[in-house]
Amino acid sequence: MGNESHTQENGAGTASNSRRHVLKAIGASGAVALAGCAGEGNGNGNGTGNGNGNGADDHAPIGNYPIEGDTAMYGWHGPLSGILAPDGEEQERGFELAIDHLNNGGGLVDHYDPLSGDGVLDYEIDYVTGDSAGDEETSIDNVERMIDRDNIQFWTGGVSSGVCQALQPIAQRERVIQLTSISHAGPITGENCERYSFRPSMSARTSAEALAATLPDLLGDDVDFFQIYLDYSYGISNRDSMTELMEGQGWNEIGQSAIAFGESDHSSQIADLDEADPDVLVFTTFGTAMADGISQMQEAGVAEDIDIVVPLLSAFSMEPAGGDAEGVIGTANWHPLRGDELSETFVDAYMDEYDELPGQAAYEVYDNVLHYSAAVENAGTFHPPTVVRELEEFEWNLAMGEMAYRECDHQASRPVYVCRGVSESEQQETGTYLELVEEVSPEDSSYDCDIEPAASCEMSEYE
Amino acid sequence: MSLLELEDVHSYYGHSHILRGVSMEVEEGEIVSLLGRNGAGKTTTLRSIAGAEPPEVRSGHIQFNGTDITDLETEDVIMSGIAIVPEERRLFSNLTVEENLELSRISQNTWNTIRRKIGLSDPSGKSLDELYELFPVLEERKEQQAGTLSGGEQQMLSIARTLRLPNVELLMLDEPSEGLAPQIVETVMNAIETIAAEGTTVLLIEQNVQAALELADRGYVLDMGSIVYEGTAEELRNEDDLDQYLTV
Amino acid sequence: MTLLQTRNLTKSFGGLVAVDTVEIEVEENELVSVIGPNGAGKSTLINLITGMLTPTDGDVLYRDTNLAGKDPYEITQLGIGRSFQTASIFPELTVQDNVDVASFAAEQGSFTVNFLRRRDRYDSVRQRTADALELVDLEDEADVPAASLPYGDKRRLEVAIGLATDPDLLFMDEPTAGMSPAETEMTTNLIERMQTERGMTIVLVEHDMDIVFDVSDKILVLHRGEIIADGTPDEIRNDETVRSAYLGGEEI
Amino acid sequence: MSEETAQQLTDTDAAILSWETWDRVKHTERFAIVAAVVFVALWSWLFARAPITSELGGYHSLATTILIWSVFAIGFNLLLGQTGLLSFGHAMFWGGGGYAAALVSLHVYGDPVLMLVVGTTFTLLLAALTGVIALRLHAVYFAIITLAMGQLLYYLATSPLRPITGGRNGLTGIQLEPIFGLVYLGMPLPGIFGTLWVNYEYLLVATVFVLVIAFVNRIRKSPYGLIFRAIRENEQRVSFVGLNVWRYKFAAFLMSGGIVGLGGSLMTIESQFAGLGSLYWITSGEVVIMTVLGGVGTLFGPVLGAVIFLYFEGVVDGFPIVGRYWLLMLATVFTAIVWKYPDGLWGMLKLIASRIRSSVEDNP
Amino acid sequence: MSLLESAVRFTYLSLSIASVYILVAVGFSIAFGTLKFVNMAHGALYLFGAYIGLFVAFEYNVGGSLGAYSPVGLDLGFAAALILVPVVVFAIGLVMERLIANPFYERSLLDQLLVTFGILLILQEFVAILVGRGGFSYDRTGWATGTIPLPGIGTASRWRIYVIAFTIVLLAVLYAFYKYTDYGLAVRAGTEDAEMVQMLGIKISRPFALIFAIGAAYAGLGGILGGSLFTVHPEIGIEILIPALLVVVVGGVGSLTGTIVAGLLLGVTFTATTRVYPEMATASLFLLAIIILSIKPTGLFGKEEVTA
């Protein structure tokens, strides 16, 4: 963290801020009038103009473009406090590692053609980070700071779907690209979609598609299942997708029960579950709530003969659950013991730096930094609309496998990793909470642009 | 040497100067009465002796048994041998009669309590039985909450609980006759007389001049925070000028 | 004319009857003192009349209005003022502000919507405050925080607040307690002036018998919640029941 | 005071040279307003762009946010500082105003002025409803019942009212229309104004801030200000001088709620988002911390408190290594201040100033 | 499931929730009613109880600044935690009374509330910095998991039954302390009139400190029991404080009976609402508190409002 930079070009803030707001307000036509204004702002900045700055390409100023000086800022923003912190801390490490590799080579940068290991384009990359605390208002303030004061070109990170959705309009408004991570709710690439926001990670629907493709093999064909879900957009998206897709596989949903957000007592839902007596429980929750729920089921003696499926599994749920989560089935964006060469390269680099096995959260953010940079290299500019267009048809294949963004909803079509919780002793031994059960191909986990949630996406403008 | 000696005591309630140089003495075995109208400073004198706060004693000395007790905490004053029956009795109304009495058995110091229990104790106060003998009505009511007692019973309980304290050498009573019917006043005064006869020194604060002087050996009259008169009960009874300090 | 009248006024707390079927009458422009030993029920009586307590039984009539059940501010607005036994003032406000609170109440009633009008524009309020402060001789202390006044001055401020509410009938609870002889004399003069110059009716609860017998037109003696005597100072001075209530039966 | 002239206010040399002039001027109404105007005029620039001072890491949108939270804290302080009532549920007005403003822009029209009016009106109604119940209680009970009301609203907004409030996701997609159809808030200001204030949005926020200062200052100088303080010090005595204490407390509650609602609406305009966090009790706790930290009962103390709190949350939070401990540091500062300086930082500054002044006067 | 079994389940669910509320609220109510001290830092005692119990009973890999020493913990088992935690938190309570409560007895309720709230935040952040912000859950050994058969009815959760029984025993102990010990007598008397107790020669500060520490120990035990029912993370101290405060004021400040009745009432309300309208489960507690306080501003068993 010692190399974080917070020094900013004084005077430039006014200009860039004005640029953004005027563009939002009066559209592109006003931008021309403002170019001069921006120039004035530069006058009292640090003045070390860079060949790749204003002069090199002919794009009008937009967002935090053009970059002044020879350093481009990246942002990471995710939970470092609150119950989501375990994933946030991993993400931050992955992020810092990625920046290091971009500037100095190493890790997957050495195995990814568009990247040189000597910055991006001709810029050195610096970064800022912010703690979302899992809270929407705090996040808005933080991201505004990163955009306004630190002039970030893009940011990634985050866990909470609520926070992610609150930030998407800011990405659009400020013309700064956001690559989401982990956030799973349907609307992020549905009704809430924005041109400047991309989701490389799974959506609730992607996970459900993958589970529909594997669960019958794992748990049987003629299965009664029950759903307990968190009563907010993440839980509801998953519930709807699971109902539709599992029933499509011939499974039979025999009941549902909602948990209020923030509620740690699940006794009533467990009572419903016990009464329904299903074969499988689909438990859409996260964080300590999942740990609470599973431990309360065990304590009530209902967990023994029911298989539990938690559509999204990650450190923030697995860490508090400890050994209780043994046998729980779900999906993840990546698995450290996937066994391919690139994953091993990443794992080695990460272990060298931090002396622990990375989880999906660490890799995902690492990957986001890399593939965004690759898109910039391919586009030859940081100009946000150009980079957005580049990303919309971007394909890449690093440690997660074959990935590609879809233009219709900015959801990545991607492989999904179906995993299972392991016992506490195995956790100690392997350093990971999950074992990889099956890798589901992009074809089997994707859905068409004309079905929900993608069907509700009305993409916003480029400039 | 006097048992209790006040020497030019000045006490304040916040900024208000209430006792303006009170000096008085109580000899061992005496019954001394402190007279004066409401607001004259009688209760403040008692509270100053007891080390209660407020008031704040800013100058002067209070000696008891030869020791300076001016700056002692209330509980230490009590344990040095002074018992207090405060104005309005201040019983613990939600506690039973017996619990009110039992409280006095607990001393400030746990080790003393233990020592007394295993028979190594200092001379202790009266036992419950002795108290019930003195105030039979309390035994009948021992399971009752103190708040439900009549005024006279409450006053007896308030006196009785001080007798259960160990080592009482001086008993200070603040208006024990207040609000009581005449025949009850007499019972209370008789009880005080009995206690005094057993050798306890008594400092009696009273508005009821007649009752007080009947009992007392000597008296002080307090007005505007100063002693304006002192003398034997006999002298006080015959002093006509005192009317202005005491009543209509 | 009878200004204030209580009928059968009773207040009990649990089993204790603090005020027992008390019937008193106060004539206009009269100065009535209520005396009695500690615990006789004097404060309870005042509290019942001024609305701090609700009577268990009985009525309080003031100029044909029944006060029972009314809130203190309503009773004050009807013209019944009160000063408290302990200096009930606003310690962190200045002396002038202390009295201003009461002056506003007198000038503009119990509630008005004037939060956008500056209070230094109310000349009548200033005048009323100045008058009250002058009466108690505190005008030089107007800008001093009340907390820093000596005790006697606090009591006078307390009286000034009572005065500024513009009462026709003023209850004064031990106005001279804690005062020096000089202050006591000043207060006595003040009470007399209020009665003669302002035509106020005053009910005084007081332990200083000099004052009581000096200024009262009528004295009520309360003992254990009941009125045991009622008459002119001379009548009371010679009343045997009163002496025994106070002294325990026998003349000293 | 009616003779106060602009001369006195602008003639700073005289003010500095003569304590008497200063003492007379500093309590005048016009001085407070001029001070507020000067403050907002320079604030964003000093905080985010000026040489040297901006090295502390401030930025323009935080400067704006701080002004909005200051409105919140000033409104809250009108209740706590003047009447002594501690509400632990003021988030309901903050969030309530924010949601009302968001809803009117989503479903009716997004003129910022309309949003402010609707947000404030809604909050006044909410304050009237809750005040009737809560004001029967005192001290800690009042704090708890306001907390309970705020939390009830929070949970209602979370689930049963989700169709209206958007539940956990809050309300997004708020589009701002030009004020009275004329000026877009995002439009930059020209020349020196742009350097100082950046855009019309800041101008709107600054205007509201100054108006709120002027309004609260006027209340403090009106009979209400006196009566509120009297209620805080001795409620019983106030009713015994003939004032209807309940109505005055109710008025204080309404005004406080209304100002807070105004601030909440402004927040919605600034962030183009209304979310559950704004209704959560932690938000109520934050405004208590700001106000107490700055100085309960003072006019500018809450502003100082908001500056410090949000600086910690928004800037210190991003510092390397120590950033993680921002809440710990803030909580420690807060606790120490309450412990040693119950009058808050503003009170502490005044104390220090008066010490310096007396030492200066002693040694001319 | 039979109606009877549903009823039994409803009962033990309500009671187990009420148990945690009551154990935490009891100490808060004592400090408030007896010592006239509002102690928001009481929530930290729950937090400490939960974390100390966790690291006494088990070993965990932790985050935060202790992360480097993982795994952390004594691994003595759950029963050892149940014995050690009250002792340790009792001692913390004594220190808290000396260092925090004592200097503030004479200050206003508002100052007390704010300072202790600040201290709660500080302590919470310390915990987070030491062991990280992630959550933990108690493992339970065999004797504490699974169900107990109820002949003719069905089964009940073993641990919940233990929690209830344990709470009943603790409340009985507290009652016995009040009723039968000298210190208990002094505390009851001191609640009514502390100065008079001193006038009987008793150093009231000692029984007061003792009862404060007992209240702390109960909050610590509440932390273990609550921690074992739910998960443990740094914010649980602040989270439990709100229902505990509701229990205290709904029951009436300083009334032990009131605290228990209010705890049960809130427990039942919570469980019942969870059954019929789960989204409003927590909200129902606030609604109930608003209704009760509107009808009776001093709470169910409260005698007078504590102002000052």
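Labels A, B, C, D and E are assigned to the chains in the order they are written; within every chain, residues are numbered from 1.
Keep this in mind: a contact is a pair of C-beta atoms (placed from the backbone, for glycine too) under 8 Å apart; a residue touches a chain by one contact, two chains touch by 3 or more.
These numbers come from a predicted model, not from an experiment.
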{"item": "Any chain that touches chain B and chain A", "value": "E"}
{"item": "Between the pairs B-E and D-E, the one where more C-beta pairs touch", "value": "D-E"}
{"item": "Chain located farthest away, centre of chain C as origin (C-alpha)", "value": "A"}
{"item": "Farthest chain (mean CA position) relative to chain B", "value": "A"}
{"item": "Averaged-CA centre spacing for the pair chain E and chain A, given as whole angstrom", "value": "39"}
{"item": "Chain B-chain D separation of Cα centroids, rounded to whole Å", "value": "56"}
{"item": "Inter-centroid spacing, chain D versus chain A (mean Cα positions, whole Å)", "value": "36"}
{"item": "Averaged-CA centre spacing for the pair chain D and chain C, given as whole angstrom", "value": "43"}
{"item": "Multi-chain contact sites of chain D, meaning residues that touch two or more partners", "value": "155, 158-159, 324, 327"}
{"item": "For chain A, residues that touch 2 or more chains besides their own", "value": "80-81, 231, 260"}
{"item": "Pairs of chains, among all present, that meet the touch criterion", "value": "A-D, A-E, B-C, B-E, C-D, D-E"}
{"item": "Residues of chain C touching chain B in the complex", "value": "14-15, 35, 37-39, 150-151, 174, 177-178, 180-181, 207-210, 213, 224, 236-237, 242-243, 246-250, 252"}
{"item": "Contact set on chain D toward chain A in their complex", "value": "48-49, 51, 54, 57-62, 65, 155, 158-159, 167-170, 172-173, 184-188, 194-195, 198-199, 201, 271-273, 275-278, 313-315, 317-321, 323-324, 327"}
{"item": "Chain D-touching residues of chain A, taken from the complex the two chains share", "value": "1-2, 4, 6, 10-11, 13-14, 17-18, 20-22, 24-26, 34, 37, 80-81, 128-131, 135-138, 140-142, 144-145, 148-149, 161-162, 165-166, 168-169, 173, 185, 187, 192, 231-233, 260-261"}
{"item": "Chain E partner contacts - residues on chain B that touch it in the complex", "value": "50, 52, 73-75, 78-79, 84, 86, 90, 92-95, 99-100, 102-110, 113, 161-162, 165-166"}
{"item": "Of chain D, residues touching chain C in the complex", "value": "1-2, 29, 218-219, 221-227, 229-230, 233-234, 236-245, 247-248, 251, 255"}
